[in-house]
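Worksheet for the structure shown next.
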Amino acid sequence: MDTLANLWMGFGVALTPYTLFLAICGCFLGTIIGALPGLGPSNGVAILIPLAFALKLDAIESLVLLTSVYYGCMYGGRISSILLNIPGDEPAMMTTLDGFPMAKQGRAGDALVISGVASFVGSFLSTVGLVVVAPLLASVAYRFGPAEYFALYMLAFATLGGLTSNNQAKSAFAACLGLGLAMVGLDNSTSAARFTGGNLHLYDGIDFLVAIVGLFAISEIFIFIESHGRSSALGIKVGKLLIPWGDLKRSFGAMMRGTGLGFIAGILPGAGASLGSFMAYMAEKSISGGKGTFGKGDPRGVAAPEAGNNAAAGGAMIPMLTLGVPGSGTTAVMLALLLTLNITPGPRLFTDQPQVVWGLIASLFIANFVLLFMNVPLVRIFVKILSVPPWFLMPMVTMVSFVGIFSLSGSYFDLLMMIAFGVLGYILRKLDVPTVPVILGILLGNQMEDWLRRGLTISDGDWMFLFSSPIAVGLWILAVGGFVAPVFLRRVLKRPPVPKTDMPMDQD
Amino acid sequence: MMKSDRIFGLVVVLSALAYFAGAWQIQAGMMMDPLGPRAFPMLIAAAGLICGIGILLRPDAEPEWPGARAWIGMAIALAVLVAYAYTIVPMGFLIPTAVASAAIAYLIEPKATQSLLTGLGLSVVLFVIFKYGLGLGLQPFPRALMG
Amino acid sequence: MKKISIRALLGGVALAATISGSAFATECIAPADAGGGWDFTCRQIGKLLYDLKLVDAPVQVTNMAGAGGGVAYTYVVSDRGTDADLIVAASSATTTRLAQNAYAGMAADQVRWVGAIGGDPGVIVVAKDSPYQTLGDLVEAIKADPSKVTFAGGSAAGGFDHLKPLMVLKAAGFSDFAKVKYIGLDGGAEAITQTIGGFTQAMTGDMSEISGFIKSGDVRALAVLSAEPVPGFEEIPTAKSQGFDVEVVNWRGLYVPKDISDEQFNAWAEKLQTVADSAEWKQIMADNGLAPFTKVGTEFQGWVDEVVAETNALSKEIGIIQ
């Protein structure tokens, strides 16, 4: 078995004492970031990227650290959902529905244990899925030419944000904004200066890390000032932690179904973890046929969405690694990391740099076990940290962002641009414009244009090349479907009432 | 009062038109691929224009805008951040960081002592972490004072 | 040039913070982010300079990315023109861009070219099931109908990889360069993938990018553009042996500021020659798929002048520059 041999090699790469240490740090930080309302996986990972560079980590070490943070966030989000009725990040939203009622009934400990185990099941199985599916997808590598890549990017834009925003025009605008910003700088093919206004700082284009940290982290400061940092005081005590075997047994089916649905939602470019947990919860509720106690503290209502959102995190790695197209906001940030490390994700990644891919996959397995340990027996530590007040947290986030971006380029111009993106992010979020498509546009814009121009060069200017292969046509159909479907789905699936959150943008 | 989304849609439409004009002015060299450097930005502008019209014609419900006090707070925060970006090189790390963190802490929760301590504590602790933990070349104080 | 002066300032700050004490340490500027070819040049040559005791202190490598090396070039010319302790990594990409006036008005004679100590020969490859068996087959096909063949390469249109097939065609007497189709991809591996997938008919790149794919049998090399066959790949014929008088090598080397004394320039040339002759460097070249290509001092300076003039003329013929 090739796969097993590769995986073995991956463990060889990922199990050095230093990388193991990084994985543990990443898991710990990630759980905190996930648990703190206002910080989620996308901005957490974004802030840490510059620091990974400052630490002079090599490619594998940076990946281990940041994927541990990513998985950690997916675990951590549930803690504040259950204890505060405030989701630590958006995918953990569904967990509030039954998690908080359980906590009010004095079963906070049980809820934390069940959701922790569900998180483990979801992400462990989806990592296994990643091992099985990713190489299959990578083997169609050589079938992707200009037409296929262009259609694939269209698919990512069409579906991303579609289900998280309520207004298709706004999510399409967000994609245009990102693409438009990507055009700034010297044109790849002809070196023509575009939209630079003669400013030398802009000749190399807009650094996507600057945009990401600005849109995700700096905008958060404004949101907090606006809300005057509503204190997140803990009202719920966590009692004795016991393993509720009966509940675990009863919710086993829910975890498995949640995992399956979440994994599929993760693989679809753009759908992401929020959709995964939403589908998992709705499926369980309808299976119970009204006999359950959903919404009043049913353990299955905690297990299903947590399994779902964690499984989606693993699934979302697949299109990112094999095709270079992120399946969610956080994987978009991870893509930015890979590109900065000079690693081009795509079909060839599996053959060119197997040690990177399999080291990463092995570290995901390791992270899962570390996280299970941290999030079940040691969960009390994070409950304590949850009481960090915003007036301390936000200045810290700001300073870490500034120093991180500053250490990347050493340019005050980048800092000013980051602040500008922060203001833009605040306005967009107030107007319910999703920010993830903006990032995706900045990340993929130049590539998308390049593929179009390459295709037109090969076809001597014939636009019909875009539909010249079955793969390309299939992707176009999916893209159109993905863009139009939410309009109808929204009417069919009415979202259940969920508590209003302060952080509408942590789409993943 | 006019709906926020109507204004927003209008801004998007105008930006798309300006972007299109900008794309029109891109100087293409002699060597051209079939598409050239201008066409793709123009396509983006056209798509943006359609989105803007869509937003203009079918606005969402009005978002909850903050009151005057919060606006002032955010404006101050913006000024603090910009000033921080300009001073971090010439003034060294410690002083601007302390001032900026204290200001942001105060804007989130207006308690003077608490904010001051946050500012001082953060600047010193972060400096130690960044400089000695991560090995970044940071100057603690203005260069003039360092000799 | 605001950006330059700020970068210079910061470079100074960073240096002062990290190596205060060793005031005479040599600095090597890699005009790109860490991890690329220029960074490799700085780090390997820098290490050997110190290991062979040619410099007193470890060489400080500074990454100064931007404008394909233009930021570093402008900075060296305008701010460090007399600094004898500064070396800068360069390659064929540097001279190609200078020849095409891509460094905002800077010219190749504003620095001194101290030497090249290794080269990556150009190669032209096709997919394993391609109908073209020799370089001659490919050239004839293009002559018959240029629209039938698209080249893929790892540099942008007009870049070094684009020029390689054009120089071959020029040697074959074909001059309608605007008709030759070329697409630039992000690196040689991506260009090979497109060629294996049948989206493009041929690929041009450097030997080091392609050696793995040749060994795996996915592609066939039609010609290597070096003077002699490459050690380890003797079965690949040179373009010369097939009747096309073309030699294109992506050299790895250094330039230094213009206003240093001739003694200082010659001292650098000698040091570089010592590095080139060392067993350590030969091992590094073998490990990284580089072929021997040593030219130092005035010989290199003269060769660069020639190459720049040639590239400039060719670029005008293609229409990349006026």
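Going in written order, the chains are labelled A, B and C, and every chain counts its residues from 1.
In this text, contacts are C-beta pairs under 8 Å (C-beta built on N, C-alpha and C of every residue); 3 or more make two chains touch, one makes a residue touch a chain.
Model, not experiment: these values are computed from the prediction.
Distance between Cα centroids is largest for the pairing of chain B with C.
Closest to the protein's overall CA centre, chain by chain, comes A.
One simple way to say how far apart two chains are is to compare their mean CA positions; for chain B and chain C this gives 39 Å. Mean C-alpha positions place chain A and chain B at a centre distance of 22 Å. For chain C, residues that reach two or more other chains under the stated contact definition are 10, 14, 157-158. For chain B, the set of residues touching two or more other chains reads 29, 31, 33, 89, 138.
In chain A, the residues that reach two or more other chains under the touch definition are 189-191, 412, 453, 457, 460. Put simply, chain B touches chain A in their complex at residues 4-5, 8, 12, 16, 19, 22-23, 26-29, 31-37, 40-41, 44-45, 47-48, 50-52, 54-55, 58, 60, 63, 65-66, 70, 73-74, 77-78, 81-82, 84-86, 88-89, 97, 100-102, 104-109, 111, 114-115, 118-119, 122-123, 126, 130, 134-136, 138. The part of chain A that touches chain C in the complex is made up of residues 141-146, 186, 188-191, 200-201, 203-204, 341-342, 344, 346-348, 352, 410-413, 447, 450, 453-454, 457-458, 460. Within the complex formed with chain B, the chain A residues making contact are 51, 54-56, 166-170, 172-173, 176-177, 179-180, 183, 187, 189-195, 218, 221-222, 224-226, 228-229, 231, 389-392, 394-396, 398-400, 402-403, 406-407, 412, 415-416, 419, 422-423, 426, 430-432, 449, 452-453, 456-457, 460-461. Listing the residues of chain C that touch chain A in their complex gives 1-4, 6-7, 10, 14, 33, 35-36, 65-67, 102, 147, 150, 156-158, 181-187, 189-190, 193-194, 196-200.
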